[in-house]
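Both complexes shown next keep chain A, but they swap its partner, so chain B is in the first and chain C is in the second.
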Partner chain A sequence: MKNILKTLLVMSFLWSVPASAMDVMDVVKQANHVSYYKGNDGRAKVNMRIIDAQGRERVREFIILRRNDDDTDGKQKFYVYFNKPADVKKMVFMVVKNMDRGDDRWLYLPGLDLVKRIAASDERTSFVGSHFFYEDVSGRGILEDTHVMVEENDTYYIVESTPKDPQSVEFTSFRSWIHKATFLPIKTEYYDNQGQKIRSYTALKVEMIGGYPTVTAASMEDHQTGGKTLMNYSAVRYNVGLPDKIFSERYLRKAPRKYLR
Partner chain B sequence: MIHISDTATRHPKVFFWLSGLLALVMIALVALPSLWPASFSMLYPLEIDTDPENMLSRSEPVRVYHNDRKKEFSLYDMIVVGVVNDSHPQGVFNKNSLSHIHALAEFAKKIPGVISVDLMSPSTVDNIEPGGPGVVKFQWLMKQPPADDAEALAIRDKAQHLPLLNGTIVSADGKAVALYIPITAKNISYNVVEQLKVKIAGFDGNDRYYITGLPVAQDTFGVEMFVQMAISAPMAMLLIFLLMWYFFKKASLVVSPMIVAMISVISTMGLLVITGNVVHIMSSMIPIFIMPIAVLDAIHILSDFYDKYPQYKNRRKTIKHVMKELSAPMLFTTLTTAVGFASLALTPIPPVQTFGFFVAVGVVLAWLFTITLVPAYIILMPEESFADFGLDHTDENKNSPLARMLNGLGRVTYSGAKLIILAVFVLIGVAWIGVNKIEINDNPVKWFSPDHEIRVADRALNERFAGTYMAYLVLEGAGEESFPQFAEGLKAGLKSRNLPEMVPEVEAFLSETKDRKQLVEQLIQKMEQRMEAVSDEEWDNWDLALTWVGEYLGRSEIFKSPEVLNYMGRLQDYLQDTGLVGKSNSLADVVKTVHRELFMGNKEDYRIPGTRGAVAETLITYQNSHRPQDLWHFVTPDYKKSNMWLQLKSGDNRDMSALIDKVDQFFQDNPAPEGIHHNWFGLTYINVIWQDKMVSGMAEAFIGSFVIVLIMMTFLFRSLLWGVLAMIPLTFTIGMIYGIIGLIGKDYDMPVAVLSSLSLGLAVDYAIHFLARSREMRKKYPDWKTTSAAVFGEPARAITRNVIVVGIGFMPLLAASLVPYKTVGVFISAILVLAGVATLTILPALIRLFEGLLFKKDMI
Partner chain C sequence: MAKAVAGILLLILPHILWAQEIELPAGLGNLSTMIQEADEDYTLPFDLSGFLESRIGRRLQNDAHEKGISIGEIRLQIGVEKEFDSLTFNFVSDFIYDPVLNKHSVDLETGQGYVDIREANITFSPLEFMDVKVGRQVLTWGTGDLVFINDLFPKDWNSFFIGRDDEYLKAPSDAIKTGFFFGNYNLDIIYTPRFDADRFIDGSRISFFDRAGGDLSGRENPVVTDRPDRWFGDDELALRFYRSFGAYETALYYYNGFWKSPAGQDITTGQALFPRLQVFGATVRGPLSRGIASVEAGYYKSADGAASNPLVRNDEFRLLVGYEQEIATEFTGSVQYYLERKLDYDQYLASLPNGAIIDRQNRHLFMIRLTKLLRQQDLRLSLFNFYSPSDRDGYLRLNISYKIRDNIKVEVGGNIFYGQKDYSFFGQLKDNSNIFTALRYDF
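== the complex of A and B ==
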């Protein structure tokens, strides 16, 4: 946390800090943009370490490709190609994130020779056994919650978000610590209806890549089971020039090697 | 001993003050740390232990294994709540009932100590199903209560379609629901259940809620134990007092044995607590054991005093006579009783050891208090109060019905000696048949009476669901090849995949690590670095090799192997066929279910897919759910160890033992792949283990104490023949009792096992008194015929009074609601009465038949 603040402090000098207080919706929009929409597209190699309460560790490694349809921070596509564990290599998870309806999600299981669509019913299920949810990977729509600025200090906007449809989620509210200079959420805590912290996300490392401040290490802790997942990003590149066609069912079975190498 | 009694009669007040002080100190030492634990942390407070697991010592390998596996597979003790509705045609699958069940689960999640993430109820488990062509759907089975009864039925159908839920969460008939509430510790279950009951009381409708599970049973023991100690023990005391009052007609006099009993109980329980022992279901019976035993010696003293006082008309002289006559038999009866109980310390069951040891201590203390306080008490009573006391000797034989009856019995044993011995042989024959029918079996839930709410719930749930008794079967592989072999295989594989240049890299790593995983990780890193520079064509080859290296390491994950999973499936089918298992749940079920749902829910796709990769994909798909952690109840994350969860409808050790044998048989007949071997854990299994230890331990303790008592008898009578004679009534009694247990079909369980040893020490008392007095009296009379008449006077009366007092003294145990207390009460009373009868019939008959042998000239 200390290191990350140092990095962020350096970055603060690169951006002009807006002098006047911002509207909460603008903060949320900006945070959403820097978290999920940087550049036209992007790719990264992600190493995921899932650690349970007993300290037992499992590893997942995948390449994530992302492409924005346009520059409205709206529709976008993700292609997640698994390298590890070896027995699920070539497994692909693909998302088309829609603004007007639930996301379309596909799963390609090479061993079973199966392409499955995952019904949109619930995006708050575990992402391949980790403590991140599917929604954490592709981003939660900012209109799904009501946002209130609860505090603003020198470093952070602290925003409390309450779901508009409480039945669709497992939390009652969440709080985000959004870094003022970069608009990156550095910490997000989810609470249940008794105010107990049930999950928390922390950005562990931020680096400047291709001109964008990028979270390159993050963790998600589950305070109920006592486990956590660490994500490390490497080989991050923006504006790679990913073609739209690779985000299709056809490319699930025939992975676009060019962009995955 | 006479010296101590003498001293006591000279300083009676001092002895009473000292004893009173001792009792007060004991009470203080227990009360202070119990009431103010913080201020008296150096003392041990009163602690209750209701956990049957503690029948095994903490370091017992089986128990250590049980706890390690519980932790490894994240399993907790569970409260089971069953919900049944007989009035609605759809059972609980209607709008109203499911709303309540939903509310109850939500409520339970928030009770402190409940592991909310592992709670199993319709609203907290996932449903996986096809959601239209090409679509698979994960969603909560019942996120919201159903809007109408039709929706409720849909929930039922979904749950019944999933093998992991059918029979577990939803009953086989589709009408009842069960919630499984895991808790952090057994000792909070009472509190959790109370809160659930309050919540349930607020529901309307015709639903019936049944709450059970071993933790609930255990916590209830604690309450029942206190009830038992607070009601049964004082009741025993009152009964004994009334009986003695009846025998000795003088309330003020019979207060003294009561004082002896009280001080003995207080001192013993005090010692138990202040030495840091917890009060277990066994040790909670200590007071009720000491109470009747403590008055035994006092009855002999009073009985003798009652008979002799009219001769002397002087307290001090009478006491002196009585103590002289009784001190040796009293010492020996005390020692034999103590030995009988102390022999329990030889059993490998810690609570039984504590029980045996402290009852032995209590017996010795009671003796000490008896030979000092009873004479002292008599001295403290004014001489005038004895004015009309005692048996009138002028008319002794016709004085009481008891005296007349015993006189008659004495004559019968003389004239009908042969007939008596014949009857004994016949009875032994019958008993032998019974003994051979004895079935060793126990079940802690059956420690409650059949109408107890736990038993009712137990029956209701096991009728409808797959079973509330849990046993776990762990499967584990034989292990991997040696590290050098592993490395050789790795190198060979790289060569055959056209990457010989990586072989030296492997060799270089070999000097750094001896860990397979580390070696492979380093190799992969190196390969990935090299891959960055190669052409696309070469890259594909590298990529294949990379996959192979990962899979080469992955071979150790044996529970992803289709062969292993299919073997598990066969084992499960076999388990189902034994009829002993209500249902088994395993990793194979998870894989089969996910596979089926991925293929549109087709019945024929309920199977293990053919390749490791395909299995891995079903497993990772399963982990896309709301509860990915559920997988780790069935397998360790390294896939080297798997856990099969068996639900049994019966918690009888007999059934669990049969299951253990069946599973051994399966592994013998069907050699497992990967050298897989199995191991058990779970409370149902633990119970079998401590029962086995108990049975063999009890046999040893019994034989041990039998030999010791025989030696003591031989020493006491200075004759092996007389020693053997003294053992006959109790041997006959124990044989008969076990014969009866076998004949009436009562299971040989924990309390019955304990009975043999403890009855040995008590039952021999009568023989000691009878034989010691017989030998003493024989000196005054010319032959056995005349001696017999005298022995059936005061000595026989003392024995009979004892039989009645002790036999009835244990009866209040029948008022207890826990079955083990009742069993002990019934059988200990039966044993003592039978031992008394055996002593007064078999012994005189044998003496009659072997008079010449027993009373040789030199012995008299």
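== the complex of A and C ==
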């Protein structure tokens, strides 16, 4: 009896992890690369529509500049310049994403001419009041989860990821549908310990920009509150030639107009 | 056996469910070259922004020296920014209707009257490694949160205590700011050709303890000053030399000018004075544990002979240590400790006339800030408390704001002063404790 059970379990395990041409880590690495590291740098105008369960809408609009330190898909710098809403216009949020420790973050408040250093918060809190988390915008470290390829079909690699440190996150696992031809995650669903879907990301539109397939519209839904955020990217460019020096206090106080137009 | 099968089914079932076909997003499978949409953005030939707000508040107790209404104003801010090839012109002005003050003639230095110009400047980069900003501008540096040591740019303490938006704590400077950027090493030089004082507590809006008179004083008898006002003679120079070491930011500071609020008195005229002041200081700021820690220090060198002159404030050593971190989701806390130490204390004691109020050598101040965001960050609850164990006084700032829409915000808040003595820093402001409410529309 025990042996039968064992065999069945092993079979079930084998069946759920079909032999793939690609190792799951390679898939995850590629997906991380095309989602967050395309080109040496990039810029985009982002429009967020934050819609709550009652249908009330908030709008955020900002320009995001990103620069990779090198080609190892590691350290990155982000410069986020706000246009909307009006009360945060000209405000700048700057992040240095570190691999070995927490991010460094700064906020520039133009009314006070104040450069404020902000404590690196929990990566899984709302980014500017939207349903996207900081981590959704800048990427979640691929080593923070254990990844298992649960299925592979003609179109997708389906990867299940479970956190190595469950205390640090609000989900128990998440599942990504990674498009085989482009490695873009098309859908990501987050589950709680009951297996209930609590949050889901969906890529709504993909366009070819500068040779890179790019998600230009996406949504993040919170199934617990019923709210969602629609994110649209426009004026996307890669390999702009962003100098490293614009990610500094000098350019927090004096916005690098050339790259923000 | 049945259990085992059920278990296996449970293991397999989700896999079957996940095998559902999900919809391909638009564009995938038929990857088109992006058609760049033209930016429909600005129709104006310049960038326009600003807000309109009304703000009303009243004292929580009777103040024999001031009106019951602590703030009652309608404020329109218009900001215009225009970029030319290599320079940017920026103009921000407030237009205010404020019945609390009885004087409405415009004074651009003190902010009195219907118009208060906050910015009127031109920014340009004459050299690759140099930025220049000339004109009226708001300037801030240092690591403190609502406490300043090396930031000797003008503050507006009246605005701060009556519940205007935080940005009004900073009064504008008329200055030339030049920044030099040599890789890791940076230098800011700020020259103010004519002294810009704080918009200090002078009694016209907020009552205070008048040490010369030995009693509380207010609008019936506002402070009369002899303000240094010679162009290029009574000037100010502020320097900051800074660089980062990894995640740690360090800076050295120097200031040469005047005490920003009165710190002396002319014995013959009784006028309040702004004695000469030099400040030498330093800051360090960087990550510590799960938060951000900072240390700021400054040596205040007052006018010559200050130590033995009871009418001029002594030299001081000032220190500020701060730490901020996220405590829980959307909940941030910070603590600060501030020390103000009077130097040459023995000489100070010896110079005091009989019966004078004696300040302690050390003024200790502890501060705590708690900020909680709720409802997709539309609702903000904030508390900031100053407490001084040496003065046995304090100041509590409370604020709740809610964004009804992206551009409409309602706010209620309070400024509560407490203390045992009428003459201590916050204790003297007890009769000014107030609550306020505001409605603001941003555009």
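The rule is short, and it goes like this: the second predicted complex is superposed on the first by the 238 of 261 C-alpha atoms of A that agree within 3 Å, B and C clash if a C-alpha of one lies under 4 Å from a C-alpha of the other, contacts with A are read in each partner's own complex, and residues count from 1 in each chain.
Definition applied: contacts are C-beta pairs under 8 Å (C-beta built on N, C-alpha and C of every residue); 3 or more make two chains touch, one makes a residue touch a chain.
Since the model is a prediction, treat every value here as computed from it, not as a measurement.
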| item | value |
| --- | --- |
| Partners on chain A (chain B, chain C) - clash or fit | clash |
| Touched partner set for A:Ile186, first chain B, second chain C, both or neither | second |
| Touched partner set for A:Ile118, first chain B, second chain C, both or neither | both |
| First (chain B), second (chain C), both or neither touched by A:Arg58 | both |
| Residues of chain A touched, compared between chain B and chain C (which is higher) | C |
| Touching partner for A:Arg257 - first (chain B), second (chain C), both, neither | both |
| Touched partner set for A:Glu151, first chain B, second chain C, both or neither | second |
| Contacts of A:Gly129 with chain B and chain C, given as first, second, both or neither | both |
| Contacts of A:Asn47 with chain B and chain C, given as first, second, both or neither | neither |
| Partner chain in contact with A:Met91 - chain B first, chain C second, else both or neither | first |
| Which superposed partner A:Asn232 touches (first chain B, second chain C, both, neither) | neither |
| Where chain B runs into chain C (options 109-117, 487-495, 559-567 or 757-765) | 559-567 |
| Overlap of chain C and chain B interfaces on chain A (superposed complexes) | 52, 58, 84-87, 89, 109, 111-112, 114-115, 117-119, 121-122, 125-126, 128-129, 227, 257 |
| Chain C partner contacts - residues on chain A that touch it in the complex | 1, 4-5, 8-9, 12, 15-16, 45, 50, 52, 58-59, 84-87, 89-90, 101-102, 104, 109, 111-115, 117-122, 125-126, 128-130, 150-151, 153, 155-156, 158, 175, 177, 179, 181-182, 184, 186-187, 195, 202-209, 213-217, 227, 234-236, 245, 248-250, 254, 257 |
| Chain B partner contacts - residues on chain A that touch it in the complex | 52-54, 56-58, 84-89, 91, 107, 109-112, 114-119, 121-122, 124-129, 134, 167, 194, 224-225, 227, 257, 261 |
| Residue ranges of chain C touching chain A (in the complex, touch as defined) | 1, 4, 8, 11-12, 14-15, 18-19, 22, 24-28, 31-34, 36-37, 39, 49, 51, 83, 88, 123, 131, 133, 137-141, 143, 165-167, 169-170, 179, 181, 186, 242, 247, 249, 285-287, 290-292, 294, 324-326, 329-330, 332, 376-378, 403, 405-407, 409, 440, 442-443 |
| Residues of chain B that touch chain A when the two form their complex | 71-72, 74, 110, 116-117, 126, 131-132, 134-140, 143-144, 531-532, 536, 539-540, 546-551, 553-554, 557, 560, 595, 598-599, 609, 611-618, 620-621, 623-626, 628-629, 631-632, 636-638 |
